[in-house]
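Same chain, two partners: chain A is paired with chain B first, then with chain C.
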Partner chain A sequence: MFNQDLIHIIPILFLIATGLLLMMLDAFKVRSVLPLIAGIGFVGTAVLALPLQEGMDVQQLAFNKMIFTGGLASLVTILLSVSGLFTLFFLSDFLKRQEKPIYDIYALLVFAVVGMILLANANDLIVTFIGLETMSICLYIMAALFKRDLKSNEAGLKYFLLGAFATGFFIYGIALIYGGAGSTNYSSMDFARLQESGLLLPGMGLILIGFLFKVSAFPFHAWTPDVYSGSPTPLAGFMATGSKAAAFIAFGIFLNKTLPDVVVNEKIYNVIGVIALLTMIYGNVVAVQQKSLKRMLAYSSIAHSGYVLLALCAGPEGLMAAVFYMFIYTLMNIGAFGMIGMAELKDQDADLDGWKGLGMRNPWFGAAMSIFLFSLAGIPPLAGFMSKYFVFISAIHAKYTLLAILGIITSVAGAFYYIRVIVSMFFQTTEKPVEVKTSNIYPTIGVGILAALLLLFGLYPAAFTSQLDHLFVLADYFTQATP
Partner chain B sequence: MEEFGPIGEYLPLIILIIIAGAVAFLLTGASRVLGPLRPNKIKESAYESGMDPVGTAHERFSIKFYLVAMLFILFDIEIVFMYPWAVQYKELEAAYGSFPLVEMLVFVAILFVGYIYILKKGGLDWD
Partner chain C sequence: MDINSLIILLPLFGAAIIGILGFVSESFRKQEALIGGLGTLMVAVPFGLILMNFLGYHEHPVHFRIFDWIVSGTINVSFGYTLDELSLLMGLIVTGVGSLIHIYSIGYMHGDKGYYKFFLYLNLFIFAMLNLILGDNMAVMFLGWEGVGACSYFLIGFWYEDMAKAAAAQKAFVANRIGDFAMLAAMFLIFDYTGKATGNYSLNFSDILGLDWAADSAPTFWVALLVFIAATGKSAQIPLYVWLPDAMAGPTPVSALIHAATMVTSGIYLISRLGEIFIHAEGVMAFIGIMGALTALLAALIAIAQNDIKKVLAYSTVSQLGFMFMALGAGAFTTAIFHVMTHAFFKACLFLGSGSVIHAMDHTHAVEDGQDIRTMGNLKKYMPATHITFFVSTLAIAGIPLFSGFFSKDEILGKVFANGLMGGEFIYYLVWIIGAFTAALTAFYMTRVYFLTFRGKERFNAHGHDPHESPATMTIPLYVLGFLAVVGGFVGLPEVFDHGHLNWISHHWLGHHGTVTMEHTEDLGHVSAGIEWALILFSSLIAIGGVYFAWNFYTKHDLEGDTIIKNKLGKLYDWMGNKFYVDELYEFVLIKPFVRAGTDVIMVFDKYVLDGIVNGIGSLTLFLADVFKRIQTGYVGNYALMIVAGVMILLTYLFFF
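Moving on, here comes the complex of A and B:
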């Protein structure tokens, strides 16, 4: 029984072992191999999560029904490992150019991904909480990584204080749900009792606040721009993708596990739908006014949270759309943040002014950045279009037609600020231009792979989505998992 | 214990409190009567070899106190996890063989990695 459980979580165990090894190598000053080892760790985790073994392609529960393994859980594990892996491509070069010799970050990155995997694969609110905290504590340290830099300090402190506060809401919500349902496990919650007790709405509301904070949805978004612009740029990309993906998937599982059995679900979905709409409008409108590229992308990530929240209103089909969206979003946003980091000088903020004419001076750089930005704007034939399509179609299937139409309109308005960067890069000039001077080849390789993947998934989405359908059908999250 | 009424269940606890109090009085009293008394200013202070508790609270003191306190709490809490394991060990061994022992060894090994890390990173150096 124990051994079977351990076999199920081999990907997580492998990643934890990698993290411990990284800590030891750093302590004994064997530092040149750290990025390589971390990369092997992420690739190994993704490979181990592939459904190679018999029966691993079906969603199962392990450890007394506490965590999901196989099926969709494997897919999510791969998604999060990929987000860690591509961050790695940009990280070592960025730290070298900023003259900040920090080596603990590789172990931190690995442990953050461990927390994300636990968070996204949890079938128990306590495991969700442990995953959330493991992830968040690593992210707080990442935000404050440059400890002599005031902006980085500010980012870390703001993120930590607000995050700790949101965690308080979250754990109090868990306590109320536990009081009503008699269990923290989705498989053994007594929903009838929860409904009678009157603790359902307060508990649900508090847990919702915790999740909405983590995904930076509209009324709880205020930390996002400051934290992302103060954090080291590649790590800001990691925060915007990996941590949001994990939080969204945990959120989706929570909604799909608890709401079908309770009567008030219509109300809660409407609330989330309205929050999604406000998030989309706010993110897209405020992003237009930003001069700093990092702040612009931070507001754009708020807008993208709105799209995914809209998908989460659409039940199981929406969860699939959300997972697909987060996968594509991870690829394009890590690429965009990474490229901003590539053009960032020491002690200087990435400003739109400096980027004028960059595409003419460095055509390959301009072309790759244009791919990421067009994809973020959701312009076909890039993958960003496919992911938006799935989100809006799932919302329409769930009879949220009006929200979907308004969402599409905000998305069109949002295309403006992405395209403005492209226009600046190719059609304008400036006196103080920035230069791209990478210290090694890895960022270029990372950008190449990411841009190629976005083109591939945009041009031949069937190659990917048929596999995804296959996995999802086998996974059948909501029937298989409850024996 | 029912013959002692509703309080009966707490009787052992009350006896324990009385004995514990008596032992404490006995020991401190004995050291006062039997031990040599050579007081000086530092010995008389509330926290011997600690900080002076009287005075302004807005005093600067080394941030290293926090680091040491944090590391202490960390390892202290981790060790607490061993108590329930040790109490349950016989039943665990009967049910799962040597697996619980290996499990705890892995836990201690992970703690040890953390210990080596802070040692090598200079977390325990005062200067």
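Moving on, here comes the complex of A and C:
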């Protein structure tokens, strides 16, 4: 049923069409409308992904069971479109103030989201890989976007070299799994044969490494701070949220699709659990030492990866917690990175010193940034608290109580560096203050919407989680999904 | 959304609008009529909605839900509300009296620089109070419970620049915290018990009351006791009542609304709501009865020797709340709610009347303290409206037959006596004796305060600035409340008439469908009509006797009367005047040792142990960060090496362990 398949992937097709249109318009130098077109593309994708039609809320498979559509896949599509959309809010203003008239970025952003959607909705390791690479290549270019800026160049090159290195492990892992299981498709893998062949552990291990690199887990994290601090700030926010969300969801699907059928799952979960713990500790501890706000958020994003990894240990409930976590994390981190970008001067790194007293000079800015930081620190009633709560409770339900307790302790320690920024903003002064001078209204609108959403989901998480419950029940995600 | 949601949302909306506009706009703050009108409207419309529900009530509780708040597994806590017989009645009292007091405040707070804040807090209070009484689960109820506590704190300390008033607010807050702690413990127990009994953890009232609360089992006992302790905080009973008299530091409309008519009765509401649990905890019930009686007596004794008009009314509130707890202790939940209602009418009227008096006295600039009844007298001449409403309310609280207070108070004493007679519990006779004596004292001290304020010699020299009657926004609520104080009791005619079938509130409303558990005297059988008549006659006599004696006594001696009583009672009067030194006792037994423990023990512990740990973690973090930082060399080769090392370790583990 070819036509049926196409209908299923309409959101992705729409986004691809948007990307192509953006390239054409750029080529014909119709440039002022590019952000608007990209925005319409993201909104349209999200709307098309909404389970509006009868039966669309049911998880289905399309294209010979290669890709998930409907149900949770719709939700993920919406999540990733949202990350692209909010990045857009901050992007045009940032580029204008940095005096870098670059217009290819909008198409890149759109194609990166296409890659993410494929990655997160794949039911076949080959599609996972294609999605991963589509996304990564866009991200490499984004990191090196400012081509006359040394740091940006360095970021792009480092990201590319290490990414290529990790991709090697990933594709080799897929090859080994294929060799053992006779298929790259989750629905038709022969797990008995895979186990007999002896290729299970090396295959799983290598794929694991590929994913762990993408989500910047310790000790595969080293690229993260250098890349984020070198990249244009709003795009760093995009990398830290959208790309990680997609990778985490693909990772979670991979684990939930393969592990229940194999005997070694204990071992794999142990590995992930230990890495989760190390990642939380490492990220939080090093973030304390950072002077640059972007580097601080980079380490904080490593720490957050640790929490999500912890959730992934906890089976389907954990995956649900992870989806919620990444959604909230996307909102708050794009907001935080975006606001750092708003206060960034040309060719100058955002430094904690310059932010001293910013909250007193610009109370609305300070208040909004405080919402993002408090939410990142996981302080109620903001959404960051609820998302952490779901992660830890799922870990406890899965009997990872010790890890959950250690995780909570590290998150308390982590609160220190977020609140330090708030203290600086409101209680300290400096001789070289930065000023917030945005060139258009969009960043302000974006900040307002994001902060409001964080409050909403913090006070009323059921708005999202009940939807998630509903989708998981309908999707029957981990037993059978029929086309 | 259900239109009923507006009952809850409008007061919140009002608070938000007044708060935000007041915060940002200087000119809005000066629009007193607008602020007051808006605030009143946001309470009056919910009153109308509740009234519509009340009039159209068809034996089935109305449920409405604003949204699900927490959904986790089988646990579902929603902002869900129930309009049943009990909550409708409480809702009418809260929004009805609330509306009147909003109107009164428009005049009373005129010219205050915190005008908009006052209405913001009042609306917020109504919102919280409606959550408390309409909430269909204990979580929402508790939010309301805490919310009214917070608003009470804001409003007691409304004139926070005065240190004594700020301290009074703190005292109220701390005393309430103790009760709230018991409340939380009770909620935990209930949550645990529902889960164990049915496998479905819940805080919904319907689930809780649907359980079998076995007689005298441990959970029944502890839940009942803890809820009662919680109620002693909010409803000002021994030992936590001490905050309420100090709470008079707040503006007088606040005293009328929060500290007389509504918030302080929330403990009684909750016990009535959970009556199904309490009737199975007989020991706790007797305890509640005796504590109520002792509180009523103690407060009435103190009230006799007070000279501040609001202090007298405050102690009389504590005393009347004691009466309500006596009724609860006797298992007469409907009677307690009946007294909540009549008390709301006459006590709100008395407080608003005292506010009107204070307003007038302060205006004369002739007296140092506008609240001291020793410097008043003969105000009848200047303030006819205030006088007549205060007078009928005094008769109502004193329990003069046919006034509202008579019916409810008589019913309480009757129910307590019946408990002793039919249940054979001796303790209830004791409660009854104390109750009857306190009723006589009430008649006496209320007549005293009325007389010294409105009659007798004029003990101030106004120098031409005569006290004058308050504006209409203040007198209209007085008339309405005064009218209700007179006739409000007829909804609960005594049982002797037609076997209680004329008693609308108990028989046709609250107790009709089991919303409120009927008193267990019902099960014990009825006392004979002869005893009923005797009891009615007796309570009429003590009320009339008390009023008559006080009237004659103070007509004859005027202010000298106090001196005569003082000489007669000797040491006891000093004790009464000094509130039995309870505050001093608490200071000595509780507060001093706590402060001592805080400075001498905990400070030291905090400084050396806790700070040591915290700083230790800090140093460790910094040390680790220093080490970890070295990993981040910036060389891609090193990063790749790290990845390889990670791969080696990971694969080694997977293969060999």
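Keep this in mind: the second predicted complex is superposed on the first by the 480 of 483 C-alpha atoms of A that agree within 3 Å, B and C clash if a C-alpha of one lies under 4 Å from a C-alpha of the other, contacts with A are read in each partner's own complex, and residues count from 1 in each chain.
The definition used in the following text is that contacts are C-beta pairs under 8 Å (C-beta built on N, C-alpha and C of every residue); 3 or more make two chains touch, one makes a residue touch a chain.
Please read these numbers as outputs of a predicted model, since none were measured by experiment.
In the superposed model, A:Y103 lies in contact with neither chain B nor chain C.
Once the two complexes are overlaid on the shared chain, A:F248 sits clear of chain B and of chain C alike.
In the superposed pair of complexes, A:A462 makes contact with chain C only, with no contact to chain B. Note on chain A: of its two partners chain C and chain B, the one contacting more of its residues is C.
Judged by the touch definition given at the top, the superposed model places A:F28 against chain B, while chain C stays out of reach. Contact with neither chain B nor chain C is seen for A:F14 once the two complexes are overlaid on the shared chain.
Shared contact residues of chain A with chain B and chain C: none. Remark: chain C residues 67-72, 617, 621-622, 624-626, 628-629, 631-632, 634, 636, 638-640, 642-643, 645-647, 650-651, 653-655, 657 touch chain A in the complex.
Put simply, chain A touches chain C in their complex at residues 157-158, 161-162, 165-166, 169, 201-202, 204-206, 208-209, 212-213, 219-220, 222-223, 225-226, 264, 267-268, 271, 282, 285-286, 288-289, 393, 413, 460-463, 465-466, 469. Of all residues in chain B, those touching chain A in their complex are 96, 99, 110, 113-114, 116-117, 119-121. Touching chain B in their complex are the following residues of chain A: 2, 20, 23-24, 26-28.
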